[in-house]
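See below for the structure under consideration.
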C-alpha cells in the first residue's frame, strides 16, 4: 500500500517512520522542505499510484486542518479517502466530511494516542467512518497500532466523528488520572514519615492496583529529577479536556474528577487568582483579618475566621 | 447581671462594649494590662458579686483556652458557669465540661458569629449546654444578639458541644458561599462584555436571589479597591473549614462545594504546587511537551496533548 | 410612560402588576386570551401611543423568544425599542440586536432576578445596550427595581449581551451558594449533637456572616416541612449554570465550586449513575468485592479495598 | 525460612499459597478450623522453628488487629518480629510497635496491594520499619512480590507507619483513577455517536496514554456485562480514601480529584440526598418552581431559574 501523509511534525514524522518500517509506502508532505518528500500537496497527490488514493492528514487542528481539507477537496476525486488523524474537535469532522463528500471524497477521522512513544510502541487508535473505508485503511492501521491483538489498540468506534469523540474522552480521562497521581505524589512529599517518595512510587509499578503507563512515566520523571525542582508548576491544556467537560455539560453527565483536573490546570497558570483575591478581600472585610498585600510582607499572620 | 469576660482582643473588647451598652455589667480580664479591668483571673472571679458566677471565655482556641479553663476550675465553685465563646473544636467542649464538672462547675459553649461588625449589629449565636444554664445566661445572650426576634440571632442548639458544632458548620458554609461569589467575580472580570463589574455586583444587593451580607462586603471591598490590586491572592484558613470537611468524612456526607472552597485556599498558598509540577513533568514525559522551567521563559508554547 | 409587555406567565404578569402600581401604563399580550390585554402582537404594537414604542419581551428563551423578536421586526419601526427580559443566552442577544437593527429597531437585554418575590420586593436588573436606550427605559427600570438606591438594584452592565451575561453569572453564583447551604444543612442533620437543626439555621438569619436571602428561604422551607420529607432530591437546572461553566472553560477560569454545584444537580437526577456502576464493577474485579446487584440484596457487606 | 501467618481469608490464604510455591514455609492460623494449619495462635508460635520468629498478621484492621497484636505480645519474645500486613491506619502502627517493644518484639508494617490477582501476579508492597527488620524479612518479600526488578514491586518506604501511609496514598490515588475512567465511560454511553463503547475502551489497552491495569479490569467487566446492567450504582469505601483526605487536610494539601472521587461514593449510597432535597426546596421557595414530590409524579416539568 502507498499513502500520502500531510504534516511531518513530531507525530507525523514518527508515524511515517513506523509505517515504512512495517511495509506501508509513504509519501510525506510538510511545509518545511527539509522534512518533506515532495514540494506540494499537489505533488503528493500526484505521487500516489493506486486508486483510491489515501491521504492521512496530521496537522494542527482548527484552521490549518480546515485549510488542508479544502485544498485536498480540489486535488482528490471520487472514491479517494482523506484521513484526519490530528486532534480535531469531533464536531468539525461532520463539516470536513460534508465538504469532501461534495467531491465524492470519503472521510475517516482517527484519534491517535501514544505521543512520542508511538514510534516504538505503536499508536492506540479510535476511528470514525464508514465500514468500507475503515476496511480500505486496514493495512495502515495495522502498521501503526501496537503489537498484540488488533482490538486492543484499534477500534472502529462509529460513524464520522466517533474517532475524535472517543479520543476526546480518552484525553479527559487522562487529565483525571494524571491529577490523581499528582495529588498522591504531593501528599507523599508533604510529610516526613515516608522517607523514600520516589522509591515508593517506583514500587507501585508492579503488582499494585494503580500500576499504569502514566505511573511509569511519572517514576521516570522523578528518577531524573527527584523533587521536580526543574519543572515549573504551570500546566497547559490543549483543548480536549475543555471539550470533554463542555460535552458532559451538554449531556448532563457529572464529571467532578475530570473537571477538577481541568480547573487545577487553569489555576496553575494564574498569577494572581482574581477569585482568591476576592476571598482574601472578603475575609478582611468581615473579620478585620490581616491580608497579604499584593507585595507580600515577610510574615503573614494566620487570623481567625469569625 | 454582672459577668466576667476573659480575653479582650478584637472580639472580646467589642463584646464588653456591647454588653455594657445594653445593661450587662462586665469585669474584663486580659493579659494586656492596658485593656484589662483587673489584674488577674483570680481578681476577676473575686469581682463577681452574684451567685452563680458567670465567666465568659473569649481567647484563642486550643492550648490557651484549655489553660484558662484549667485555671477557672481552681477559682470557681459549685454551680458557677463557664461560657466558652471562642472558636473551640466541638470535641474539646466535652473535655472542658468534664474537667469543670469535677468541681461542680457548669459549662456552656457558644459559637459566635459577626466579626468586627458585631459591636454595631449584634452577634449571631449558637449555644450548647443544659437548658437551665442557657436560661441563666439569657440576659447575656439578649444583650449580645442582634435586634429583632430572639430566635433569628440565637439558638440553643443542643447539649454541650452543639454550639461549636453549629458554628463549625456555619463557617464551612461561609467558605463555600465566599468561593461562589469569588468565582463569579473572576468570570465577570475575565471578559470584556460586562464593562462595569463593580456596578454589576452592586446591583445584586437588592431584589436578586444572591443578595446577602457577604455580597455587601464584597461590594464594599470592590468600591474601595476596584480590581483588588492591593490584595494578594493568598488566603488563610482558620480551622473550622478543615473540621467541617473532617466531620463530613466521618459521617459519609458529600461536601463537594465546601471542600472545593477549602482546597482553593490551600492552593492559593502554594508556590509552587508539587502536584502541578508532577502534572507538568508527566506531560513532558509522554508528549515531549515543552514545560516551563522553574524559572519560566518569556514565551511558553501551548503544546498539544497526545 | 406606556409600554408593551409580551408574555404574561408567572414573571410577566407580576411585572405588569408592579409596573401599573408604580405608574407605568402596560398593554400586555399573551397567547392565553384569559390574561392578555389585546388579541395579538400587532394589536399590542398598535396600542402603544408614544414614540419610540417600547416592547418588553418576557417569554421562554430560545425558539419562542426568537419567534417574538422576528415578529416584532415586522411590526415595529425606526427608533422603537425591544427589551428582552427573559433568560436568553447572552450570545443570542447579538443575533436579536442584529436582526432588529436591520429595521432600525433598538435592542436592550435585561437580566431580571427576584422570582415570585419580585412583585412585592422589586426585581434586581442588569441591562445591556446603548446608553441612550437605557436612558429611554429609565422609568420602567425604576418602577420594577426594589426601593432603595437605584444602583443597588439596577446596573447598566455594558453593551448588548452584557445584561444576560451578568445574569448568567448571577445564576452560576446562585448554584454555588445554594449548594453550600445544602451541604451544611445535610451535615447538621447527619449527627445527633445538634438537636435543633431548623432552629440553628433560623438563628443564622441575623448577625452571622452567612445571613442572606437564600438562607431566609431555606429556613422558611424548613419551618413548613422540617426534614423536607415532602421534597424529592431531584433538582432541575435551567441552563444558566451550564452556560456559566461553559463560559468559564472558554475563558480558562477555574470554577470548582459552581461546577460542583452543577454536577450535584446532574447526579441528583440519575437513577442509576453509570459512572458509579463502573466504579462498583471495578471494585468487584480487583478485589472480588461483593457488589450490590441491580436489585439490591437486603444486606450489602462493606468490603475492604485491596 | 518458616513464618507464621495469622488470618487466612481471601488475601491471607492466597499469600500462604504464593509463599509456599516460592519456598517459604508457612504455618497459618485462622479462627476457622477448616482453613487453619494449627489450633491456636499459641500453637502457631510454637510451630515456628527458627529465631527470630516471624509472624505476619493479615486480619481486618482496627479492633481485630489490635487484639491479635496484644495476644502476640504475650506469646513472642525478644527479637521476634510481627508484620502487620492488613489495612491498618498508619497512626495505629506506632501504637502496635510501642506495645510490642515493651516485650522486646520488633514491628514492621506492610501495605499490600494486588487483591485477588496477587496470587498469580504477586503483590506490590510498601514496608515501614527498621532496616534490620526489613532485611530479616527479605525472603518473604521476595516470594510475595511480582517477578521483575525488586524495586518495582517493593519499597522500604521509611520507619514504622510509612508502609501503611504509602498504601493509604496508593488507595487514595486508586479512588481518583477509578472515578476518572468511570466518568469517561459514562460520557461514552451518554450519546449515540460512539456506537461501540466496549470496543473503544478495549482499544485503549495498548499504545494509549491511559493504558493501565484498572482499565484492563474495567474492560473485562464490560466484556462480561456490557451496559453493567447487573451492577448497582452503590459504591462502598473502605477507609483509606477517607484517611487520605483527612491527612491532606492536616497537611493543607489540596486534593480536589481524590476528594471528589470519595464524595461520589458517599453520594452513590444516599437515597435520598438531604442536600439535594434542600436545593430542591430552595428552588421551590424563590421561583415557585415545581419540585418533584417525595413520591415523584410521572412528568416533572423543567422549570426556569429566576
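We just call them A, B, C and D in the order they show up, numbering each chain from 1.
We adopt the following convention: a residue touches a chain if its C-beta (ideal position, glycine included) is under 8 Å from a C-beta of that chain, and two chains touch if they have at least 3 such contacts.
Since the structure is predicted, the reported quantities are computational estimates derived from the model, not experimental observations.
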item: Both-way neighbours, i.e. chains that touch chain D and touch chain A; value: B, C
item: Greatest separation from chain B - chain, by CA centre; value: A
item: Centre-of-Cα separation between chain B and chain A, whole angstrom; value: 44
item: Distance between the centres, which are taken as Cα means, of chain D and chain B, whole angstrom; value: 36
item: Centre-to-centre distance between chain C and chain B (centres being mean Cα positions), rounded to whole Å; value: 31
item: Where chain B touches two or more other chains, by residue; value: 113-115, 118, 171, 174, 179, 181, 183, 186, 190, 209, 214, 237, 252-256, 260, 263-264, 267, 270, 273, 275, 286, 306
item: Residues on chain B engaged by chain C in the complex (per definition of touch); value: 90, 113-115, 118, 121-126, 128, 145-148, 151-159, 161-162, 165-166, 169-177, 179-181, 183-184, 186-188, 190-191, 193-196, 199-200, 202-215, 244, 247-248, 251-258, 260-261, 263-264
item: Complex contact set, residues of chain B against chain D; value: 209, 237, 242, 245-246, 249-250, 252-256, 259-260, 262-264, 266-267, 269-270, 273, 275, 286, 306
item: In the complex, chain B residues that touch chain A; value: 10-11, 60, 87, 112-118, 171, 174, 178-179, 181-183, 185-186, 189-190, 214, 217-218, 220-222, 225, 228-241, 256, 260, 264-265, 267-268, 270, 272-289, 291-296, 300, 302-306
